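Sharing a structure here in structure tokens format.
When the chains are written out, they are named A, B, C, D, E, F and G in that same order, and each has its own residue count from 1.
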Amino acid sequence: MIKPLADRIALKLIPSEEKTASGIVLPDSAKEKPQKGEVVAVGSGRVLENGTRMPSEVKVGDIVLFSKYSGMEHNINGEKVLILAERDLLAILD
Amino acid sequence: MIKPLADRIALKLIPSEEKTASGIVLPDSAKEKPQKGEVVAVGSGRVLENGTRMPSEVKVGDIVLFSKYSGMEHNINGEKVLILAERDLLAILD
Amino acid sequence: MIKPLADRIALKLIPSEEKTASGIVLPDSAKEKPQKGEVVAVGSGRVLENGTRMPSEVKVGDIVLFSKYSGMEHNINGEKVLILAERDLLAILD
Amino acid sequence: MIKPLADRIALKLIPSEEKTASGIVLPDSAKEKPQKGEVVAVGSGRVLENGTRMPSEVKVGDIVLFSKYSGMEHNINGEKVLILAERDLLAILD
Amino acid sequence: MIKPLADRIALKLIPSEEKTASGIVLPDSAKEKPQKGEVVAVGSGRVLENGTRMPSEVKVGDIVLFSKYSGMEHNINGEKVLILAERDLLAILD
Amino acid sequence: MIKPLADRIALKLIPSEEKTASGIVLPDSAKEKPQKGEVVAVGSGRVLENGTRMPSEVKVGDIVLFSKYSGMEHNINGEKVLILAERDLLAILD
Amino acid sequence: MIKPLADRIALKLIPSEEKTASGIVLPDSAKEKPQKGEVVAVGSGRVLENGTRMPSEVKVGDIVLFSKYSGMEHNINGEKVLILAERDLLAILD
């Protein structure tokens, strides 16, 4: 088990599909593309200057988009887990 | 569906027209040009140091101007969605 | 119509005259020169950490000086509008 | 007339004399030298995070020292005025 | 004995195993890998702007993940101890 | 007379002696060396975010150490005065 | 005597021994090594935004570890004293 600290979130990576519904691979645009992951553990939240913690907006099981070059990978029992700061998460997909 | 986190906003890009009313394409000035988009989803707002959230000034359906190199593109069902921070939005057009 | 967001201000550019009263063009000094504009729209104001907004010091119709390389140009009905942050405005001329 | 915004100050430059009382021009030291100016207009003051403004320590007519490379020059009726932030002023001379 | 100051944490390094359960060494991904350590001492906590200290989320004996290039090593009686800021800790493993 | 603004301090430089008590000039270490000065004028203090000013810890006549490359020199009646921010002062010598 | 200002601490350097108990010099690791010193004087503490001072965690006589490249050396009566900010101290050794 992994328990992220402060505003950290642990994710299991979801491989991205660079294809449209019709199966055609699209050429990349100049824009940076985010990646998908499933939340596996959530930290206790960012410490505010008044000493309280701001709880995370995401929960275990959420599918989230995050910025490609953020976070650090760790192996837990042979499985890759990415740990990143909540501010590097962009959106929840549902 | 996409649910942006914190101060993030999701936009559908609106292609820009680099022409005047008379249809003449104008030479570019040295100034950076913003781009247009339609708001498709709005985050819960930026966290202030007192622990409250500042609600966004924009709402779904607003046509907004934003800084050209900001945000990240994501494909949802083959449609491009741009996710950026509200501070990268410049103005609402009406 | 354009409605700037937060601390953004929209300006119509006023071409600068690089001449003295007697009509002689002066050589440039090493110092950066600001530019002139007329305020056409004003945002709702900067968000303070206590969640209130600080109203702008400028109003529609004010002639203002601003730092040359700040802001982004946008065409509205063939007219150029510059959108910049209020902190890039230097002074009101009257 | 010019009305500086926020923590901006408008100055009329006072040419510096690089000589001692006995009239001998001194070689420059390695240290940066500040410049002299007379305050011609004072802004409404810096906005604090509690929403109040901090009034300036200088007033119109004060002779001040300021950091050489700060601020922007503007011509008003053929006269040069330098606009800079109050934090770039170093001291009042009396 | 070592008593870390403020938000510092002292760790004993735990050598990482770059192998899966089946004993096969995996090729490295492009992502930065964190390292493992055991907490040996905990500081009094980060000072908040209201003058109180935020106690650490970790305690002596916790196994933690931390960012590879953070902290400084010190020898205490021939044993290596790494001292780093709590914000460089990513997660507790249990 | 000079009246420093905000957190500025005005100093008269005291030439440093790079010798031990026995008069032997020591070779320089790799470390940056601070310089000595006598306080000749003190500003009204740094503005805190609550709008009050923090009075300086030094007073006129104090001999202080300061970081070598900080501040700006000004000539007042042929005398060199160094103006720097209080945070660039390291210690009082007595 | 030396009286450090604000969050400054004055230290007497303690030469480091790069050897194990058995007297063997160890090869350096890639990690930055901190240095040891004895506290000889302590400043009045960091100013918080509410105008109070945060007293230091260290006291005169404490043996502390600090980051190698921090601080400035000063000679007092032929003795070297290092002046650094309290945040550059890592831990107390006892």
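Criterion: a contact is a pair of C-beta atoms (placed from the backbone, for glycine too) under 8 Å apart; a residue touches a chain by one contact, two chains touch by 3 or more.
Please read all numbers here as calculations on a predicted model, not as lab measurements.
Peer 1: Shortest hop count from chain B to chain C along touching chains?
Peer 2: 1
Peer 1: So which chains are sitting against chain A and chain G at once?
Peer 2: Chains that touch both chain A and chain G, as defined above, are E.
Peer 1: To the nearest 5 degrees, please report the angle of the rotation taking chain A's Cα atoms onto chain E.
Peer 2: Nearest-5 rotation angle for the superposition: 50 degrees.
Peer 1: Based only on mean CA positions, could you tell me how far chain B sits from chain G in angstrom?
Peer 2: Distance between chain centres: 50 Å.
Peer 1: So what's the Cα centroid distance for chain A and chain C, whole Å?
Peer 2: 40
Peer 1: Which chain C residues touch at least two other chains?
Peer 2: Answer for chain C, listing residues that touch two or more other chains: 49-50.
Peer 1: For the protein chains shown, what form does their contact graph take: line, ring, star, complete or other?
Peer 2: Contact pattern: a closed ring, each chain touching exactly two others.
Peer 1: Quick one: ring order starting at chain C, direction chain D?
Peer 2: The cyclic sequence of chains is C, D, F, G, E, A, B, beginning at chain C and stepping to chain D.
Peer 1: Please name which positions on chain F make contact with chain D in the complex.
Peer 2: Chain F reaches chain D through residues 1-6, 8, 10, 41, 43-44, 47, 49-51, 71-78, 80, 82-83.
Peer 1: With touch defined as at the start, can you tell me which chain G residues reach chain E in the complex?
Peer 2: Those residues of chain G that touch chain E are 20-22, 26, 29, 31-34, 46, 48-50, 52, 54, 57-58, 64-65, 67, 86-87, 89-94.
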